[in-house]
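Two complexes, one shared chain (chain A), two partners (chain B, chain C).
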Partner chain A sequence: MSARSLLPARRPVPGVFVALALTLAIGWLVVLVDGGQLFNQSTTVSLLHVAAGLGFVAVGQTLVILGGSLDLSVAYVISLSTLVAAETMNGNDGAVVPAIGLALAVSAGIGLLNGLLVTKLRVNAFIATLGVGLLLKGYLDSGYDGPAGTTSPTLVQTLGYQRVGPVPLSFLLLVAVTGMAWFALSRTRFGHHLVAVGGDAEVARLSGVRNDRVLVTAHVLCSLCAGLAGIYLASRLGSGAPRVGTEGLYDLESIAAVVIGGTALAGGRGGVVGTVGGVLLLASIDAVFNQLDVDAFFKQVIRGAIIIAAVAVYARRALRKAAS
Partner chain B sequence: MQIVQRRRLPLRLIRVRPGGVLPILTILAVLLVLVGIRQPDFLDPPSLMSFLGRSAPIILLAAGQYFVIVCGEFDLSVGSLVTAQVVVAARLIDSDPARTWPVVLLLLAFGAAVGLVNGLITTRLRVPSFITTLGMFLILVGAVYLWSDGSPKGGLSEEFRRFGRRAVEDVPLLGRVPYALLVLLAVAALAVLLTRSDFGRTLVAVGDNPRTAELSGVRVWRTRTIAFILSGLAAAVAAILLGGYSGVSFQAGAGLEFGAITAVVLGGVALGGGRGSVVGAMLGALTLELLFALMNFYGVSGALRSTVQGAIILLAVAVSATRSSAR
Partner chain C sequence: MPDPPPAPLLTLRGIGKSFLGVRVLDGVDLDVAPGEVHAVVGENGAGKSTLMKIVSGAYVPDEGTVELAGEPRAFRGPGDAQRAGIGIIHQEFNLLPERTVAENVYLGHEPVRRGLVDRRAMLDRTGRLLASIGETALPADARVGRLGVAQQQVVEIAKALALDARLLIMDEPTAALADHEVELLYGLVRRLQERGIGLLYVSHRLTEVFDLSGRITVLKDGRRVTTVDTADTTADELVRHMVGRELSSYYPDRAGPGDVGPVRLTVRDAGNQKLRGIDLQLRAGEVLGVGGLQGSGRSALARALFGVSPFTTGDVTLDGRPVRLRSPRTAMRAGIAYVTEDRKGEGIVPRQSVLDNALLASRAIFAARSGRAARTERVRELLAAVEVRAAGDDQEIRFLSGGNQQKVVLARWLALDPRVLLFDEPTRGIDVGAKSAIHDLVRRLARDGAAVLMISSDLPELLGMSDRIVVMRDGRLAGELPAGATEEDVVALAVGNVPETAR
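Our next item is the complex of A and B:
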């Protein structure tokens, strides 16, 4: 059977991009009135950097959520990955490849554990990944008090700070990762199976999908993405940071970005392109507020309100579609 | 069918029904024995009483979370709600004993209002409760920092703190009984009564199958909204006790939402709704607290504590999950 015949009906461009365009337009106007400039070099660069960090995590999170699962351990995986990478490199340029390999391998191992807990032991994903997160938290809290290790200077210069025009290398990497995830979801058997499992696990199983294998793969990929985010953050910060994942609220924010991007939290519907839109939306709101010098706490209030409002708009549209 | 029937028989003999409180009681008993071996005086009435008093806030939160979870939703906002309540109480009371009672009433109203908003957004605007309450979490944390310019202001009156830290002295047999424990018992009794009422049954029906419930004439949205209000109220009571016990800080409620959800799941309540009891949820919270006490006695360092907690939760939930799927 050719893959093409299996293509499900795709939804049109997710509404998140309309919201993104509106946010940028309104933000640009407001910042202009305020006497600033939203689209100058430095703000664009920092916007894309923020988006890259959250983007890696959110793309991975999209995969597990599509499959009807969830990963709350990503924040700790990120922190752990920064430490593994930075400590292995220890400022040594020659150790970049083994360090990245080790960080990704550790992340993949955690993803495998998550996946096995969810599928073989049938622990609810929320509890399973929360529990694994706690395991990691204990390790991080007992082993580290502050930054540790040193990222190799080359990696800091390339992945951390190098950019092509206003676009950071890390954002290009995010685009590549998103592209691969998009391809995997829409053009490969794994992707179709994943969406089928998320849509209705029982029907998928009866249709011959090996649910467990598909979900475990999704969890491994999700953790790999979180590990990649960790490597990126290590190259931004120049060292391993044991609290960077939790302080950045990467677990909850990545889920928010996925849902804002139009993926159903219950699974079975959505995609990575929307997720990147969601990430960009969150990052743009951040950039606009930074330009306006809005109080950090007020920013958080608005963020919370926007997340709820965005999802409410989606729900409304879905309802209307169902009615017509 | 025959085979299924036959295989179920031995299970029925020991009467393990999914969502029952037997598994959690077993874990609780094992932990109690372990504590008893290590630290026999922990089981003396006075220290046991003060332990129960200390555990009251998280048990209350678990009870509140139960209502939300059993009808198929989540409430991630309770931790931030507790923080917000404590900080608001300190600023409004400003160490003036005369303001204690009005502020207590205000906190309860505030908790109910947050629950109402959570419930209405979830049910009327059809936003998944995970997102609604996550948004509420961000809003409450941001708002409370914003309102107090980054550091808590004012102070709690002694009257207010009484609920969390004082006790009824000289009770025969038991020694001192903390007020917190009395509050807990009262709320627990109310919660059990509520689950036995029509509303409690409706709630479980909604969690089990909202569509069927809707078709049977249940106003699903109203039931769920009330569940969120109950969770908000429970958070308010927990905040009053917690503020009294440990004072004012921005960390007062940090992480409590996950603690409460874990406790509820440990107590045999299914995430996704429709199964489990409020007693199980509260026992789950008690077990979690006892586990922390046990780790203290065995000298597990504070940092490693979350590792042990994580391992135990995974183990307990995995065991119960494989057992219920082996039916």
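Our next item is the complex of A and C:
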């Protein structure tokens, strides 16, 4: 009888956490030399807030990318979700539940559309989700010039600003969402099938997996996560914001976080834990640069370099694995 | 094993299948009993793969019946056949390298408890399944990508057994295995037999067929030639059944004694991942045929000479000078041309014009600006010389017939004045008329002083065209035959059934 173990096959610690630790250590030192303090209450809190917003989107993005797909419409889904939530609430505490429900339902609907375009009409995911994103952009641009609606004060006080020690409630929610996604990937048939579809769609199909259904589900979940990020941002900003998704670059940053977190862009390998590492890494770099008052453009250059370096490292590793 | 088989597990009667009007299977009968290993042999293109795909549900037969354990079945897809208890182990494994053994074995039907995947049960059952076929050393939680080829094959077999397969199809199971791993597979096959599982064993390698099978069915040109008890036959007899057709078509005259010139290309003890110990000489004016089965290294040889996947050891000299062919570009500059086997994928750019396709190589190799008009003029002449039939030079090449596409590819290389031409299945998928035009062209090129290497699975073509034939097996040159060799000689070398005298 072979050795029994409940642990999944031993996997190396995702390199992203090593990079995260290094970034924090170096950042701390540099900031210290500069005369600042990286780990004080306010920077930590703002770092975690940034991470929470991006984190929701990136966890959802991980699911579709694992399945070999992609979602470029998330930024617009976020903007739309802030508006749906804030306008439905209109400052009224009693309307919180229906508002959140409606925002999530609209997001899920968009995810369903994405999923159906990708699976049934066989439109390439890049094009399909970009197209859906542009549709939403048209609606947002024509309907809104600026912030609209008012988020209920209770939601602002709780999801938006409440903390447990230095940890915002929203970050705890991200941890919970990540936990659920991890659980879904490792302990449900859906998760197993999703990774199989991303790894090799033909193998999955020949093994009896219903590829289309799995991918549509992943797209719905991804959009739901983006919708959740929208609700969170609405509670931070106090109103609906038609440009918040695109200005925050949530589409590309979420994909970057997924890739830095070790998930293969082609699908079939990776997971949500690494993604959260990637999100924290990007947020930490932000925090360090803010402390150092680095020029915003230079910040982008450094982020670009880090993303390229991360992908290059993974590519090398994959090469070595193939060679051995 | 030679006992009369009990009630058959699988019964095929009168199976026929055509693709685009070409008959690939015609009235094939076959039985497999529980616990029997039934081997299916035949040349490339004899219809083995098609037959296996019909049994495994990937194709629907045009005629005939498939019965499983006495019940007539009409499979609508591979899933249907799987549920009925037919498993197939392909040459290319259907596994996810990033997932564990257990996850692969139970993909699509993971054991579930209270709505969640029951990892413990999955690992346990996989472990038991592996133990039942004697594979106790293989951990169920190992990542498949870390396993060797032989172990991956075991995972494939376990995957089929997890679906309660009663009949297993093995398609060239040893093709990817090292010698010592083949022994392990033998053991595995015998344990599967003991469990009463019927096996359809497709293989080119007669040694294995004789070691393992109880009965052998020979296919040729889509028909069943015969089914024999393994104990009652010999390798020579099988080879005769596998070939034996008349050389009817016309081929251009071979090179005369005066036509063959000096040695153009010499390969000494060269090898790479797929090739070992290649020693070869190509002379100006001659056509060297390369025979062998699919996967024996024929294409790998051409691709090594053209620098696609270069030799990593050994030396190559061209016209007496040592050359290093490390990329197609260097090979082209050295005067080597390669007409690939995969015309659609590697030979043509389907949506570009005839002229653009013909100019592809010259544009890539020669400095951009100089003599552009002259170059185009020359390619136009070449297109006329090889008699391409197209509506015009600007017609998209995808609308041309296979034969005309191939002529354009030829014109492309002729524009470089190559000294060595490598042809890989030059007439595959080309109609008869265009075939002999290509044959004439190949011969004319040789007569004009080029050294030609021609790979072909079409035995009459190989024998009819070549001045000399080398046969490959397992990445090595298995032997050389003079012009006038017979099909039996080539097949015997290719499958490794060498008479003692030749050794």
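In this section, the second predicted complex is superposed on the first by the 314 of 324 C-alpha atoms of A that agree within 3 Å, B and C clash if a C-alpha of one lies under 4 Å from a C-alpha of the other, contacts with A are read in each partner's own complex, and residues count from 1 in each chain.
In this section, a residue touches a chain if its C-beta (ideal position, glycine included) is under 8 Å from a C-beta of that chain, and two chains touch if they have at least 3 such contacts.
All values reported here derive from a predicted model rather than from experimental measurement.
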item	value
Residue contacts on chain A - larger count, chain B or chain C	B
Which superposed partner A:H192 touches (first chain B, second chain C, both, neither)	second
Which of chain B and chain C A:E202 touches, first, second, both or neither	second
Partner chain(s) touched by A:R269 [first = chain B, second = chain C, both, neither]	second
Contacts of A:R316 with chain B and chain C, given as first, second, both or neither	first
Partner chain(s) touched by A:R303 [first = chain B, second = chain C, both, neither]	first
Contacts of A:R122 with chain B and chain C, given as first, second, both or neither	first
Intersection of chain A interface sets (partners chain B, chain C)	none
Chain B residues touching chain A - in the complex, by the definition given at the top	76, 121, 125-128, 130-132, 134-143, 145-146, 150, 258, 261-262, 265, 270-272, 301-311, 313-314, 317-318, 321-322, 325
Touch list for chain C against partner chain A, complex	78-79, 82, 94-100, 103, 107-110, 112, 115-117, 119-120, 123-124, 127-128, 130-131, 136-143, 145, 159
Touching residues on chain A, where the partner in the complex is chain B	117, 121-124, 126-128, 130-135, 137-139, 141-143, 252, 255-256, 259, 265-266, 295, 297-305, 307-308, 311-312, 315-316, 318-319
List of chain A residues in touch with chain C within their complex	1-9, 186-189, 191-193, 195-196, 199-200, 202-204, 206-209, 268-269, 321
